[in-house]
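Take a look at the structures listed below.
After this come two complexes, each holding chain A, first together with chain B and then together with chain C.
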Partner chain A sequence: MLELKGVAKRVRGQTHIYPTDLTLEKGTMNVLLGPTLAGKTTLMRLLAGLDAPSEGRVIWDGRDVTGVRVQDRGVAMVYQQFINYPSMSVYENIASPLRIAGQARDEIDRKVRQTADLLKLSPYLERLPLELSGGQQQRCALARALVKDAGLVLLDEPLANLDYKLREELRAELPRIFQKSGAIFVYATTEPEEALLLGGNTAALWEGRIAQFGPTLDVYRQPCDIVTARVFSNPPMNFTSVRKDGHRLTFGRGVNAPADGVFAGLPDGDYSAGFRANHLGLNVHTGSAIELPCTVGVSEITGSETYLHLHHGDDRWVALLHGVHDIPQDSEVGVFLETRYLYLFDVAGKLAAPAAYAMAA
Partner chain B sequence: MSVATDVLPATVARPRAAERPRLRLAVSYGLLIAYVLFLLVPIYWLVNMSFKTNTEILSSVSLWPATFTLANYGKIFGDSTWYMGYVHSLIYVAMNTLISVTVALPAAYAFSRYSFLGDKHLFFWLLTNRMAPAAVFALPFFQLYSSVGLFDTHIAVALAHCLFNVPLAVWILEGFMRGVPREIDETAYIDGYSFGRFFVRIFMPLIASGIGVAAFFCFMFSWVDLLISRTLTSVNVKTIGVAMTRTSSATGLDYGTLAAAGVLTIIPGALVIWFVRNYIAKGFALGRV
Partner chain C sequence: MDKPVNQRAWFLVLPVFLLVAFSAILPLMTVVNYAFNDTFGSNAFFWVGLEWFEEVLTSERVHEALLRQLLFSAIILAIEIPLGIAVALTLPKRGIGASVCLVILALPLLIPWNVVGTIWQVFARVDIGLLGAFLSQIGVDFNIGQDSIDAWVVLIVMDVWHWTSLVTLLAYAGLQAIPEAYYQAGRIDQASRWAVFRYIELPKMKGVLLIAILLRFMDSFVIYTEPFVVTGGGPGSATTFLSIDLVKMAIGQFDLGPAAAFSIMYFFVILLICWVFYTVMTNLDRQDLPE
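Right after this comes the complex of A and B.
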């Protein structure tokens, strides 16, 4: 079990990580999700012991390891860049942590071959890392991280520099690899989909703070505030201001919806309404859907889906629609939204009422 | 008529189009040959002289030796004050190269990896050591090394050359080290490497070409330096430079032997260039030089 207690990092007067408490359990996959500069890498370096925190303690299995050298931490790390030892063969690369640890020769050989099998590197053991493709190089780095049976494996956007196909392939392999070791895995990514596919727990990071930490699906369905909701949605969650008045929700441009169900108990006042891009529709006009008048900006067509950029007053929205919809710019459309997909956040940005569909799931 | 006008320009144009690249080729070959001749003439003249007798050198100008002789070389290899000059020079040059690179490696690593108080100023200040002519240091060096009893030793010359070579080596190596991602260092530490083991096993192979280039420059500077090595040596350590300035005697200047000694002086440098030529090419591309 790894605990951060009030860990903060400041560099030259700038705060990179605000005081943070975090507990990671053994045998779990933990995703650090956040945009670039959110502090994912800084947090990872603190977890690894590459940087010392400005304040706070790092506790590993009840032992304070805050000042312990990285060599003595028993961690493994994989970077976004493909970092291998260029002058050593793939075999020697994978074997190097074991050689340093002074393990027996046949023991090393057994472990290297086993790990190479797991990562499909067996045919390339005698080559140099730079003679491999990008995916194979990163697999070599992963193998070196896994072979030493570290208690903590840190993966800092390991798939970001790979092409799409390889990324899919390795991402599917990772949970399988992860299940075989009992280590704490920490995986940093900027992509919400990646967090959802990897499962486990997710910590949403924003500007040096952990906005929310919990099981991935819970964080996705019930973001505790606007920041988490924005980080954990791709495209980002759409927002508009809404006013609750008795049994009525009034949207900015005079559209009304009944404030029933989860919204009924809320005090009257101003709220921010949030909803995901895929919950907007052009023609799903059921009885409970509300129609919001918008002006069309750009339509991005990806083949089977359309990202429709919308202007709703001063709000900028994105709607993710199935199929190809080539709607001319500046045309007026009514988009439909079921109120059960609506999250309400109070003026301070905290979640006031989760969407009804998320409660049911 | 229309056929003729169609054909005529084509037939005129064809040979001209074919001639132009040939002319271009001839010009570029001509320039290249002139350039090589220009570079090689002094060296050829030296080699030419080294196979002539003194009387021939002094009497007439000839493109090749009329009476071919190996006597000049025989004199050098037969006289220990001559050939020991090369040995002494090679000893202090090797010492200097070794010391300079060994000292510069950790210094360059510090400059490339850490930021510390005044690091940029210190880096620049190191380079300023190269800005003064060597002659400036001749007198202070002579005084200093005499007073500590190092005068007329190999190590004295080797250490004196360090003043010029260490900054250069630091500068070259820092450029190469900067090209190695810091993550490799960190990965090695995470894997459990101590600093020393990481540096020797992983880092040095990565900057091998940089070490080659740095060693080459140290070697060349130390090998071609005449002034400081002459100032700091006298009897026990007679460098080749000293030996060469000793050739004037009662019978006049011994041109033939001097030329032969010159030819032999070029050889070690040429050999070193031959061995590090691939590194140099890489070095000029990757490093800062």
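Right after this comes the complex of A and C.
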């Protein structure tokens, strides 16, 4: 078990990580999700011991390891770049941490072959890293991290430099690979889909703070505030202001909806309504859907889906629609939204009422 | 499709053709002419075939000059490459210190060769030179005009002083290009300082080091100005390298035939080295592509 207690990091007067508490259990997958500069890498370096925190303690299995050097911690790390020792063969690369640890020759051989098998590297053991494809180079780096049997394995956007196909392939395999190890895995990524596919726990990071930490699906379905909701949606969650008045929700441009179900118990006042891009539609599905008038900005057609950029008053929204919808710019459209997909956040940005669909799931 | 034909376009290349003809082709042909003929002046030439080439190839004196040349190149490479790497490793990686160090390192490279030679010639003089006079004062028998070891030492130290910076700058550029993540990986793997150098820094510097070695080899192989100014090839012929020997033969003794044959062979050797240089560099580029 790895605990951060009030850990903060400041560099030359700038706060990179605000005081943070975090507990990671053995044998779990923990995703650090956040945009670039959110502090993912900084937090990882603190977890690993590559950097010492400015304040707070790092506790490993009940032992305070705050000042302990990374060399003496038993951690492994995989980077966005493919880091392998260029003059060593794949076999020697995987074996290198074991050789430094001074293990017996046949023990090393057994572990290297086992790990290479797991990562489908067995046919390439005699090659140099540069003679491998990008995906294989990253597998080699992963193998080097796994073979150590480190208690903590850190993966800093390991798939970001791979092309789409290889990323899909390796991402599908990662949970299976991780399952076999009892280590704590920490996986940094900017992509919400990646967090959802990996499962485990997710910590949503925003500007040096952990906004929310918990089981990945819970964080996705019930983001505790606007920041988490924005980080954990791709495209980012759409927002608009809404006013609750008795049994009625009034949207900015005079559209009304009944405030029933989860919204019934809320005090009257102003709220921010959030909803994900995939919940907006151009056609009415049910009678409970409300119609919101919008002006079309750009239509990005990716093939099977269309990202429709919309202006609703001053709000900028994105609708994710199935199929090809080539709608001319500046045309006026009505988009439909069912109220069960609405999250309401109070003026401070805290979740006031989760969407009904998320509660039911 | 018909291409328009206009033979007058040839006139556009005429200036370049004339320039190259007078600056390169004609002088080279003159040399070739001398290499295969004997002359007793007044432009009367007698065909001698490969006689001059045989004379040069079997000449003891040329063999000795070649051996000296190879020994000199080997010694300065053996000193400058490791020293250059060592200095590069100790340089600060960023900040004002890095810029200051780079400027200081680049200074010797900016000094003209004959000036470097003059500086060291004066520096080593027994009567007024800072080094020479000091050594005589403390009782060391030091005289580059009489002792060939002393002359060699001065030439080698001078070359190291002049050119180690080049190796350092190249090695430094190579080191700067290594992503920080490699060093982190080394730390996490508990690699020793030596292992980091051997398995991360050295392989990553391979490309620039090859360039440094080839550059220094080629440069030292055609060295002329500095030993000419410092020792004039002496004492005796102790520091007579190939180019100095060639000039002595051509201008000192006026043996134009052998000197012409000599320079043609010298030219081809250098051309060969250039070709190796080019091939190695283009292959390196290809190897580095997947990264």
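Note that the second predicted complex is superposed on the first by the 360 of 361 C-alpha atoms of A that agree within 3 Å, B and C clash if a C-alpha of one lies under 4 Å from a C-alpha of the other, contacts with A are read in each partner's own complex, and residues count from 1 in each chain.
Following the convention adopted for this analysis, contacts are C-beta pairs under 8 Å (C-beta built on N, C-alpha and C of every residue); 3 or more make two chains touch, one makes a residue touch a chain.
Since the structure is predicted, the reported quantities are computational estimates derived from the model, not experimental observations.
Considered on the superposed chain A, chain B and chain C are sterically incompatible, since they clash.
Of the two partner chains placed around the shared chain by superposition, chain C is the only one that A:Leu130 touches, whereas chain B remains out of contact. Of the two partner chains placed around the shared chain by superposition, neither chain B nor chain C is touched by A:Lys9. Of the two partner chains placed by the overlay, chain B and chain C both lie in contact with A:Leu50. In the superposed model, A:Ser87 lies in contact with both chain B and chain C.
Comparing the two interfaces of chain A, the one with chain B and the one with chain C have residues 48, 50, 70-71, 75-77, 79, 81, 83, 85-88, 96-97, 100-101, 144 in common. Residues of chain B that touch chain A in their complex: 181, 183-184, 186-194, 197, 202, 205-206.
By the touch criterion given at the top, residues 48, 50, 69-71, 73, 75-77, 79, 81, 83, 85-88, 96-97, 100-101, 141, 144, 148 of chain A touch chain B in their complex.
Interface of chain A with chain C (complex): residues 48, 50, 70-71, 75-77, 79-81, 83, 85-88, 96-97, 100-101, 130-131, 134, 144. Listing the residues of chain C that touch chain A in their complex gives 179, 181-182, 184-185, 187-191, 195, 199-200, 202-204, 287, 290-291.
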